[in-house]
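You will see two complexes here that share chain A, one where it goes with chain B and one where it goes with chain C.
Showing the complex of A and B:
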């Protein structure tokens, strides 16, 4: 593996999970979830707490992290999003409401960090979670495990959406909420489940991201533009596009910084955030609807033509 | 016809009961500070109010009146701050013959050059006023330029895409300022010449009064602008883009103008902030403070209502300051369970946004439905039309 690749893959899987969770929520509830930032931070914080209080590797705590994220999603849905969806609120209002929720979560995570410091003498304001990782084939194990988890979750979600009855109902609601409601699907439950899944995904994404970058209580707040960039790059209308976009944003950042700092000079490090943003801007200028809007079928001729008939 | 008559009868009162109650609450809260012996805090409140009123009013022009989801407010604010931090001081350094190139942004030189400039500015009131105006002008020009740049993709992209792209680029601007040493010193803050030095010991009070004055001037300007035909164009585009363009409006042009004016005003806010604090450090311009808080102020006050925005900023700034000042007295019980009440202001801001959206979705002072013209003028215009009709028989 090239030197940038291990960290890049870990970081990219974190971004893919969070971008995927943003996309999932957007296609079901029209909500741009700012709260992904603090949900991701909570994911990291819980993994860190588990590792430093009870030992073990961070992976052991991922199920717990998923459940905690789902709970945060549930609170957001029943406390906030449900009422606004019933009121048929505008997209901007939905977005702002999650921003308010995010600020509340951010303050609680900061208080929790203080609590950890004062009670357990832990210092969660500068954490290298990768110190608790183990080695696999001469690399950090996270570089193999986390992409597998990200892709595994995507596959599980794919199977859930295409093979199970509820998943098909969910897709029907995404396609046409009114018609789905008329045929007896309860949209309320669909929205609730998508908040649960997306909350869990973003929490795991945060824990994954903290394996590559320094974990702080404002980690999510600092990386939220890139999570959104991943979701937008993917086109916001396709779950697979969102996850692919997240992977691409993460990998471009690490690869770009590595090669550019070798070619131009190490000063490029300071502008690392610009590299994925340029990628996003270029993609949006060429394809205003993101990766999912690229006419893949046209590009690859009849490779996909059989599938296109299904739509 | 009945709709016209209805709006005619409801001539807008300048200040209604709602506004009076809000003003009373604000005065009560302010007097609370006076009675608890913290008069000086009021100056800090007025300072923060002035800066954020300017920024939030500009946000309201773009979001409330034009309907652009401006999640990158911090970009324009940063541009103004950098412009004021980098250029007028350099010009002064050039005039008095000090190094003004990359050395100016080097803390070692900067801490020596700026006091010299300050002495020069303090020697003559006209120098000070001229420098302040120069700063405002620089900020506005650069802000307008960045607003124009932002408006280019703003025309191509749709709502959510645009808001998120603006958010991302606002963050990127901060990192550019943080890393590009030769502009404003990068990670080491540099000083900015101080046009208020001439007031000596009363410097901070004088500065606060000037800032307050500028905020009020900008409020009056925006109030007039949004009531002008241009303001009605903005509202029309916000409410229905298709019908606006069908009525012959150039949507792209109007939107661009709104973004340019809004960004110029926000940049002036950023520039004034830098002048008041006397130093600039790029890392201080976080999206939390300069994008999300103005959004909270605007939502509390009422989207699309300039007076409401002023009220929203004032109320929240007072509440925030109260928490900052009294948190260790009022929330001492939290310390006992091992939690620092330092973060309560974030909780407050988040809770305000959530509660406002859930319970007062139109804000404290909602936007009023106003007739285009005052009642008498409408009558006059109608009478004139009637006259024209009768005097010009249809051939």
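Showing the complex of A and C:
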């Protein structure tokens, strides 16, 4: 594996999950969820608390992290989003309400960090969660496990959305809420489940990212521009596009920093966030609907037909 | 079955309907006609909890349903077929039918979907195709089939003939009268193709600028030359006979 690839894959997996969670909520409830930042931080904090107090690897705590993130999503929905959606609030209002929720979660996570320090003598303000990882094929296990978890969640979500009655009802509500309501589908339940899945994905994403970067109580706040960049690169209207966008943003950052610092100097490290953002801007200039708007089938079709012609 | 009393409704702060009184008798076909922008679609949206009811009441089986959430009305047996966006374009025909039968048990929904493909054979051919790829007429058939999947007591049909070729629109109208005659379903139909709708309807309401201008038997409205000519674009062929000709607008479409 190239030197940047292990960390890049771990980081990109986390970013893909958070970008996917932003996209899922946007297509179902029209809400840009800024609270994804603190939900991700909570994911890291709980995984850290688990390994510090009870031992084991961070992976053991991922189910718990998912449940905790889902609960945060439920609180956001029943405490805020549901009331605003019923009043047909504008997108900007929906978005700002999540910013308020994010600030509340951020304050509580800071208090929780102090509690861990005062009670258990832990120091969660600068954590290398990767210290609790193990080796697999000469690399950190996270480089294999986390992409599998991210892709596994995507596949599970795909099966849920295409093969189950409620999943198809979710797609129906996303496409046409009025007709879905007239069919007897309760949109309230669809929105609630979206928040549950999205909260869980954000929290696991945060725990995953903390396996590549230094975990801090403001980790989510520092990385939220890239989470949104992933969702926007994906086209905002496609869940699969959002997850792919997150992967691309994460991998580009690590690969870009590695190769550019070799070519033009280590000063580029200071601008590392700019590299994936330039990729996002360039992609959107060429394909305004993002990755989901690229005619992949046509592109691959042309590629194959050209290959056949060469032969 | 459905009684609307002194209804004032609209969207946000905009009032569209004024003091509406409408009765929809059980097992009858009630037709609401009127020019563009009369508030016909708003009437159906008000019943379905999509538009905002400012005052007045909507009684369904003698219970108030004004302002109720849309999905709860579907549970009560009211089926709504909107004018636009009446199928899930991204889902297959089969998934559309199954979503329409969302409230039924899986086996019941499956049996009902099969029954729908017998009533509308054209759907069987395209059962696994995305609904968005169907033609206008096929989509309308699917929309009606979806409305029927719920075993409705009351069907609200919004401008079924919109954007359809006259021959297809005629077929759709025949289907509507069959729903009343053979299945005994109570229907409230809003329609721009006024002449044909009035021919098959039992009771008619003429809606103009959000107010009712005519209430009575459907075929008798056709004998009101002034109203027909002024609001429905139906003109008398000659002074002596009672036959009418269609003007261009009679086959047009609007958002009501």
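Couple of notes before you dig in:
To be clear about the criterion, the second predicted complex is superposed on the first by the 297 of 311 C-alpha atoms of A that agree within 3 Å, B and C clash if a C-alpha of one lies under 4 Å from a C-alpha of the other, contacts with A are read in each partner's own complex, and residues count from 1 in each chain.
One rule holds for everything that comes next: contacts are C-beta pairs under 8 Å (C-beta built on N, C-alpha and C of every residue); 3 or more make two chains touch, one makes a residue touch a chain.
Here the structure is a predicted model, which means the values were calculated and not measured.
Of the two partner chains placed by superposition, only chain B is touched by A:221; chain C is not.
Chain A has more of its residues touched by B than by the other of chain B and chain C. When both complexes are overlaid on chain A, the residue A:93 reaches chain B alone and has no touch with chain C. After overlaying the two complexes on the shared chain, residue contacts for A:119 are found with chain B alone; chain C is out of touch.
In the superposed pair of complexes, A:187 makes contact with chain C only, with no contact to chain B. Looking at the shared chain after the overlay, A:103 reaches chain B, while chain C stays out of its contact range.
Shared-chain residue A:150: touches no atom of chain B or chain C. Those residues of chain A that touch chain C in the complex are listed here as 165, 168-169, 171-172, 175-176, 178-187. Listed in rising order, the residues of chain B touching chain A in the complex are 63, 69, 153, 156-161, 163-165, 167-169, 171-172, 175-176, 178-180, 288, 292, 295-296, 299, 334, 337-340, 342-347, 349-354, 357-358, 361.
Those residues of chain C lying in contact with chain A across their complex are 48-50, 69-71, 73-75, 79-80, 82, 85-91, 95, 98-100, 102-103, 106, 146, 150.
Interface residues of chain A facing chain B in the complex, by the touch rule stated above, are 26, 32, 80, 83-84, 87, 89, 91-93, 95-97, 99-108, 110-111, 114-115, 118-119, 221, 224-226, 228-229, 231-232, 236, 267, 270-271, 273-274, 277, 280-281, 284-285, 288.
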